[in-house]
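Paired with chain B in one complex and with chain C in the other, chain A is shared by the two complexes that follow.
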Partner chain A sequence: MAYEPQYYPGATSVAENRRKHMSGKVEKLRDISDEDLTLILGHRAPGSDYPSTHPPLAEMGEPEDSVRELVEPTPGAKAGDRVRYVQFVDSMYNAPSTPYFRSYAAAINFRGVDPGTLSGRQVVEARERDMEELAKFQIETEMTCPALAGLRGATVHGHSLRLPEDGVMFDMLERVRKEGDNIIMHKDQVGRPIDKKVNLGKPMSEEEAAKRTTIYRVDNVAFRDDDEVIEWVQRVFDQRTIYGFKPEN
Partner chain B sequence: MVNSSDTNCVQLEIFPSRLLKPETAQKLLNAIADINGVTRLFIHGPRLPDTVPYGPAKGEPVHHPGKTVIEVAGQAMELAVYVGGIRMEVIDVDVKEQVREVCENILPVSFEFREGQFIPTKQTVTDYAKRGPGADPLMLGMTDPKGKLKHNPVCILKPDFLDE
Partner chain C sequence: MADDRQRKFAKQMEIKFTKEHGTNKMEGGEITDKTVKYYRLGVDQNPRKLEMKKAGAELAKKRGLVGYNPMMHCGGIPLGQRALTPSFLSGTDMMVEIDDLHYVNNSAMQQMWDDIRRSIVVGMDLAHETLEKRLGIEVTPETINHYLETLNHALPGGAVVQEHMVETHPALVDDCYVKMFTGDDELADEIDSQFLIDINKEFPEEQAEQIKEAIGKTSWQAAHIPTIVSRTTDGGQTSRWMAMQVGMSFISAYSMCAGEAAVADLSYAAKHAGVIQMGDMLPARRARAPNEPGGIPFGHMADIVQTSRVDPEDPAHVALEVVGAGCMLYDQIWLGSYMSGGVGFTQYATAAYCNNILDDNLYYNVDYINDKYDGAANKGTDNKIAANLDVVKDIATESTIYGLENYEKYPTTLEDHFGGSQRATSLSAAAGSAVSIATGNGNAGLSGWYLSMYLHKEALGRLGFFGYDLQDQCGATNVLSYQSDEGLAVELRGPNYPNYAMNVGHQGGYTAIAASAHAGRGDAFAVNPLIKVAFADSLLPFDFTAPRKEFGRGALREFEPAGERSLIIPAK
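And then the complex of A and B:
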């Protein structure tokens, strides 16, 4: 029987969502066009070619190498794209994802990515078109709620603050705003105004966010409610401690 | 003149569960300003910059809708922060209850309302360097610690009240 990765223990909705994010089997909730994505990432003008940092690999005459033969380069590497980043921030108030699970999702389901996990933000560096593929996946699926998570290249402050009255995570650069029922992004991820307003879709309701979140919270699903998770977290902690302890050194 | 050395004075903090829109904040502050017996008050929250402070867009204007001019008791003032909490000193417990009632009527979200020590009682070395030895103790802790005093950071809403 083929092995199926289990990804994460636990029986609660949060554990189930964590498994979904890690396996990449997430529901697609919205559409964002390539042009809009390029605009909000702010790395190049929409419609322009990908600037390259080296000629396409096929033209470079690579040395003979068994590993190069074994590993198919990603489309971005093949074309010689620049390395560019996308950075997400997730609110602590029941945002669907968290930096750790975005990193798991990136590292498990995408090739040629370099996820960086920080307390409040998560950055992925990759060849430009590979990075765009990942960014599009994360923005379009249930991993992102446009109100509770956002693209923020700089000044990520806001993830740990209370939500403002309208429920859109505080952003001192005000890159997104609520217009009617929709969340509009009118600046790129570092805060430069962009030519058109990008509609990121409807925000999740409080109930939906609570259902889709990967965050254990006492006011939603508490970490202590999930016995299997506790058991495994403690086991990992125990064994790391035991195997890290080497008295003979 | 009333000050914090009077034993009946209590300090309060209003801590809403959501950051307040400028309109809600204005409504709440006006209602609080109508209560007699509020000696000092300041607004607390995340700062709103005029320009992008760092990153590739450094220097771009932000135009945050939270950074707006509100009018409290007839005086216009520009919000420098998104209102997250209000801390104040009132002359006695009766006033505290009036403030609580105002919050219950106006705030659209749940809030924490607590009594404690929120305003400094002693000046720091920085305060001393900024204000000198003859500084008014009432102004202590009332200004933005990172701000400049020349920008007149404190608003006196009812000057007559100080002379009582």
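And then the complex of A and C:
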């Protein structure tokens, strides 16, 4: 019987959403053009070549190496791209994703990525075109609500703050704002103004966010109520503790 | 367990988040509201920031070189896009500006560390044996009193033996002194009261008996070298300065020959054989002398804080005061400055001792434990519950989920603890301290700390700063195993313990966990009775019975520090 990853325990919608994020089987909700993506990431001018840090691997005359034969380089590595980042901030008020589940999603479903997981932000570093592939995936799918999540390279304060009246997560640099029914981004990740407004699409309604979220909240799906998750956390704790006594057992 | 209790942070949240301060325009609303209007008023909304802005402008004008300018923040977008809120010192009504909780802006915080760094405990018995057995000099309570009078002249920098000596000005070193203490009540009765830390008077009767039994008939000096000396040099200076003056005082008080060989024995006793440092020296890669914060074991720090002798019936209060002192020293000063050089560590630490959020969580736990485990959170030894994994899981899980739900039910608390590391410190310190209090076992408490971290991470899908992944995910494995450096009693662990050396927001919690186990049992001390007694002394500038109140006094500019130089600088 073929192995099917289970990813995560739990019987609640939050647990189910966590499994979806980890498996990569998430719903696509919107499109973002390559030009818009490049603009908001802010690493290079739209349409420009990818800056490189070394020649394409094919031109480098690499030494014989069994690992190199086993592992197919990512497109970015093949081309010699520099390493750049995408960093997300997710509100604790039912943003669809959370730092750990962005990291799990990246590490499980993408190659050549280096996720970093904090409380208020989650960064992925990778070769530039590989990073863009991941960023596009996460922005376009149900992993992201443009009002409750944002791309922020610096000054990330906001994930735990009360929501402003328009429901757009606080950002001291106001990189995004609500215009009509849509969320537009008019500064790049680190807050530099960009040449055009990038339309990130409609925000999720409160109900939709509550349905799609991966965070437990007492006013939505309470952590206390997901017995299986708590049981497994305690089991991990037991095993790690007991392992300290007699590793041979 | 009823969850409708009055939250201890409710008043603080109401004042912080629904009322105006300065010109911050915050008004109305409930502490349970999930939305708010952000006015983006910048630094001009906050009185202290305004004062700093003015000082920065004056400085630039005076010296012709720019300095502090809040408009340099984020390319011209200053702090204060959200409301700049003040904080309350937990357990007090003292409302302060958060800038004033940075140790640079807080003389009480500086003095707490000064008072620890400049303190040392020195045995008297080795010296007395040398005098009596080797030199045939009689040592009596009268000679001890005379010696202590001599040393209180010499320790601050007064000459006792040689002619034509420079001396330090008494007004600059007025915080320097020595007192003695002993477990021998008969000897204590004979010591001039000005020189004595009277164990019977400073400690509750039950604790005094424990301490006297531990100390026995031995006699000790608690010496505090001048703050100004300690600040100019380092913690390693404390033993040297003390030993030099102790040696000179013995020579003078007992009319010894300044060059006789026995003096070397006295020096050796004072510098090495009979000395208790507050902290050990650190290995070369961190290169700090003894009596620097990285070498102070959590158990020593637990003993330095004195709440346990003035409020012994409330173990949670003991834990909370220890958290405050520990977070300030280990997070703000040790990791924040010595180790990282940063400025922002302050707010990791203040989360643990401001606005009653941790207090609420821990007192909830006390109620939970007392209800479920028949009063196990009350002070005592017969009422404790077994330190096993089932107990750890039950208490730490309930504690953590209660704390998490508060952040969800009261969005203002989430905004107050705006960083995951702050929340992780508060939640885990509550869980760990509660398990310690209930079991009387610090390592069980530490185990509760780690489970709390796991639960927090899974509930919110986030935890703290990067390092929390390492330190808090692997820690459970070496809590209850004692294999080489993989495991150790929490009381004997310290800031330089493997995996503990890199991550802010933990060490104050670990200190509280160590203290809680002993406060829960009603122990007079955690590790070292000598250190506990040395700081049971109201003559110290910093009041170690109430660190959080002292930090508040520092923030309100009411605290009078030692080691000031006003006497020798131009008057302003």
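For this structure, a couple of remarks:
Keep this in mind: the second predicted complex is superposed on the first by the 243 of 249 C-alpha atoms of A that agree within 3 Å, B and C clash if a C-alpha of one lies under 4 Å from a C-alpha of the other, contacts with A are read in each partner's own complex, and residues count from 1 in each chain.
Here is the rule we go by: contacts are C-beta pairs under 8 Å (C-beta built on N, C-alpha and C of every residue); 3 or more make two chains touch, one makes a residue touch a chain.
Since this is a predicted model, take the numbers as computed values, not measurements.
Chain B and chain C, once both complexes are superposed via chain A, clash.
Once the two complexes are overlaid on the shared chain, A:R177 sits against chain B while remaining clear of chain C. By the touch criterion stated above, A:T117 is placed in contact with chain C alone, chain B being left untouched. In the superposition on chain A, contact of A:T241 is made with chain C only, not with chain B. Residue contacts after overlaying the shared chain place A:L163 against chain B and chain C alike.
More residues of chain A lie in contact with C than with the other chain of the pair chain B and chain C.
In the superposed model, A:P193 makes contact with chain B only, not with chain C. When the two complexes are overlaid on their common chain A, residue A:V229 makes contact with chain C while staying clear of chain B.
Look at A:G153: by the touch rule set out above, it reaches chain B but stays clear of chain C. When the two complexes are overlaid on their common chain A, residue A:A45 makes contact with neither chain B nor chain C. Only one of the chain C stretches 22-30, 346-354, 490-498 or 508-516 carries C-alpha atoms that clash with chain B in the superposed arrangement, namely 22-30. Under the contact criterion defined above, the residues of chain A that touch both chain B in one complex and chain C in the other are 155, 157, 161-165, 167, 170, 172-173, 191.
Against chain A, in their complex, chain B makes its touches with residues 16-21, 24, 46-49, 52-57, 60, 62-66, 82, 84, 108-109.
By the touch rule above, chain A contacts chain B in their complex via residues 42, 153-155, 157-158, 161-167, 170, 172-174, 177, 188, 190-193. The touching residues of chain A, counted against chain C in their complex, run 18, 92-93, 97-101, 116-120, 155, 157, 160-165, 167, 170, 172-173, 191, 214-219, 222-224, 229-230, 233-234, 236-238, 240-241, 243-245. Across the complex, chain A is touched by residues 33-38, 74-75, 77, 81-82, 389, 393, 397, 401, 404-405, 407-409, 411-412, 414-415, 417-421, 423-424, 447, 450-451, 454-455, 457-466, 469, 474, 476-481, 483, 486-487 of chain C.
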